[in-house]
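Chain IDs A, B and C follow the sequence of writing; residue 1 opens each chain.
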Amino acid sequence: MSAVPVSVRDATGPTVTVPRWWRGLSWRALVGAGGVAAFLVAAVLAGAVSPYSPDALAIGSRLEGPSAAHLLGTDQLGRDVLTRILYGLRPSLESGFAAIMMAAVVGVALGLPSGYFGSLVDTVVTRVLDLLVAWPAVFLALAIVLLLGTGELQVIVAIGLAEVPVFSRLVRSIAMVAARSDHVVAARAAGASSLRIMLRHVLPFVVTPLVVQFAIAAPQALVAEASLNYLGLGTHPPAPSLGAMVSEGQSFLAYAAGPIVFPILVIVALVVSLTLLADGLQDRLDPRSRIGAR
Amino acid sequence: MAAGTETVLDVENLRVSSGARGERRVLVRGVSLTVGRRRTVALVGESGSGKTLTGLALMGLTPAGTAVAAERLLVGGVDLTRMSEPEFARVRGRRIAMVFQNPMEALNPVLRVGHQFSQVLTRNLGVSRSDARDRARELLDSVGVSDARRRLGQYPFEMSGGMLQRMMIALALAAEPDLLVADEPTTALDTTLQAQVMALLAERREDVGMGMVLVSHDLGLVAEYADEVNVMYAGRVVERAPTREMFASPVHPYTLALLRTVREIASPGTDRLSSIPGSPPPLDDPGSGCAFAPRCSFATAECTAVVPELKGVAEGHDVACVRSER
Amino acid sequence: MWRFALVRTGQLLVTLFLASVAVFLVIEHAPGDPAQVQLGLSATPAEIAVERRKLGLDASVMHRYVVWLGQALHLDLGRSFATGLPVTRTIVTAFGYTLRLDVLAIVLGIALGLPLGIAAALRRGSRLDAGISAFAALGLSVPVFAMGTLLILVFAVHFKVMPAAGAGVPGQSVLSSLRYLVLPAATLAIPFAAVLARYLRVELGEAMEQPYVLTARSLGLRRRTVVVNAWRNAMIPTITVMGIQVGRLLAGAIITETVFSYPGIGYLTVQSIQSLDYPVVEGVLLLGAAVFLLVMFVVDVVIGFASPRMRIEGA
């Protein structure tokens, strides 16, 4: 993004150059960004912050309520809930990020030639993507787990694949317009190769919408990750994950709500933060388009 | 105004403001109009002069967040100033109606035209649905739409702008109102259609026996169809006169400038439109004194000091300018 | 319009065909040998070979696909490895449960989302609007499994007014079977209502600012008539989004049914995958794609007929 700075010319002051996306972010976006940053720090520092191991069993102190020793209490195996939440944030954030990254990369790889060349390439890509959207995302994830077994990597692939069509269509629609722009036509006339034109002249148009779509997809990916872990298709126990904590705690709901309520609160707070950030970025970067709203 | 004509609109000191109590911004600053039956009174001015807002205020249809006040607002002898919204809704379409600028957007795109006629006619005429269908056909005949039965079964997007404006006129005049507010009724139409639609409005005005407020920036149109002209600038009427008098001996520098732009367009050989230099001030901030002073070539220190009042210079001819007071 | 419907039908059939190939290939490449699964770990290689021939696994992939598709078209999907019951019957039973759940969820979702969306649209910028928007945002931020678990915590564990899981016993009264539906249906209905309210707020709000609304008011129409007329415009884009939401209920059902151990298609899907019950997996994946695509298809056609411009001028 820093490659496309804009000049803000004040009538009285000197010319200031700021990165385009940082200007005029709403307070909501800043709250969202702050929340996301806080969770990131918490996840990274999990080991330094908590005196407990996420897997340390303590049969003597099971399903305890919040106390000075265990701020958020303990779960059915006596493990510290706060510690498990902090460690559980890691797979959520990692998988979510990796999945969208994958979706963006594959989306660009499919969408760019699809929009640029049109015709046959476009038809083939569109048909393949139709197949991906023929199932609700969870079905897709289940099929992938069926093929590859359970695990974090599978979760990433499943979520990433489900998000590919959105990214690809976005890139395709922009590439279609960019392919007809004057400087692309000029570059073609000058004898530049198609690959070079796509990367040098079409891709820059795609960057800003991609950033916005990335932000929009982030909370969705996070929810998907937690859901797949809830279904037991993600990380293998005893490795902590927010979704799995809820599913494990459900059987003990009658005895203690903490092991479920706290992870849920964390997930919701994280999703809300990401959504606020995405809304803010969207308002800031493309006020006319309403990708998220339609 | 000719003696003995019945008055259908009598509005005095109409004001429109927006914003909350603490930071109220005034947009229309005291407009007074009198319209007689079978008479047309024009409101002219540049865009942003408050003429459309004045028209909407007469209808009680100013945008949300605005407030309308007037010493007097009588339509067909009925006082509209103290009406609740449901009461006002009963007056609209019956005593007072409006035709808008863009006929292509004026009708609901997902409802058949016949259905929209039916809604209006059953409400305003109190007729049954089947009677409404017959009435709708008669009304379309009266505005020169042929093949009425087929037209009523169509959607707005299947018709041309001219056709839709005829439909709008038919709807607005269905209940034979006392007053019609026509807001730039031909601006969105082709030149050839403009004359036809204006002629239709004039004809219907005679048949229905209503008064008309014609909101327009087109002085040629006004010269031909209006009996009296009110020139508006920055939310005020700055000059008012019978049409013939206004075009023969305008007084206000703004009116002079407006007329000059028209004559230049009309006279052959000129290819450049010399409009008035500068642009009108925002409605809510006309500056001190006369709002036109910054663009006026006759402006003196006195002009920025006081707001000139409308004062008579001849029979039925009022001007708000310090120069005319001498 | 009919041309459009015809083209869409063609697309639907092509995608369904490709989906069936995909399902077949997924199962084909899934780990575990069905013959081995059938016979258990103690089977000898010879026994497995016999079983493979019996199951038709020794034929070419193409051949087996054609046979499988032919049977599937005759609603014969084989028998469940786990229960030995015909897959079709298992799926039909489960689908009945899911249908009941989804219908109730849609009814609840519309009953909640429609008035909220309309209220927010007609009072845009008010405190009511802000409250409704906040509710909608929260409803969309809480994952389905979390919503379900929280509802269980509050209504089943704390207040003990609703059952926490299952669908009750066969032959129970309608009322008591409804009790089992309330919490899972609410779980699905809340995000549904949130999306509906959000869209209606934007679309109806925009429609109310269109020139035709001013015209309608200038003609003296009642506020109710004016709003209903505008609403008909707002509904066309809203139907599209809600159609997608109905399609997503299926996905939501997988998680919701797991949360509530509710014996519908979603629960069956997860169970069959965990127990490697391939015939059932094939069945639910096929059904999932078919239902989802069909919903999308119906939405497209409904939109086509709801929008006069599309109906008259074609897509």
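As a convention for this text, a residue touches a chain if its C-beta (ideal position, glycine included) is under 8 Å from a C-beta of that chain, and two chains touch if they have at least 3 such contacts.
Since the model is a prediction, treat every value here as computed from it, not as a measurement.
With contact taken as defined at the outset, there is no chain that touches subunit A as well as subunit C.
The busiest chain interface, judged by C-beta pairs in contact, is A-C. Taking each chain's centre as the average of its CA atoms, subunit A and subunit C sit 24 Å apart.
Our note on geometry: subunit A versus subunit B, Cα centroid distance of 55 Å, whole angstroms. Interface of subunit C with subunit B (complex): residues 210-212, 214-223, 225, 229-230, 232-233, 236, 306-309, 312.
Contacts from subunit B toward subunit C in the complex involve residues 59, 61, 85-86, 89-94, 97-98, 100, 102, 105-112, 119-120, 123-124, 155, 157-158, 168, 171-172.
Across the interface of their complex, subunit A is touched by residues 11, 14-16, 18-19, 22-23, 26-27, 29-31, 137-138, 140-146, 149-150, 152-153, 157, 164, 198-199, 202, 237, 241, 247-248, 250-251, 254-255, 258-259, 269-270, 273-274, 281, 285, 288-289, 292-293 of subunit C.
Contact residues on subunit A toward subunit C in their complex (touch as defined above): 127, 130-131, 134-139, 142-143, 145-147, 149, 219, 223, 226-227, 230-232, 243, 246-247, 250, 253-254, 257, 260-261, 264, 267-268, 271-272, 275, 293-294.
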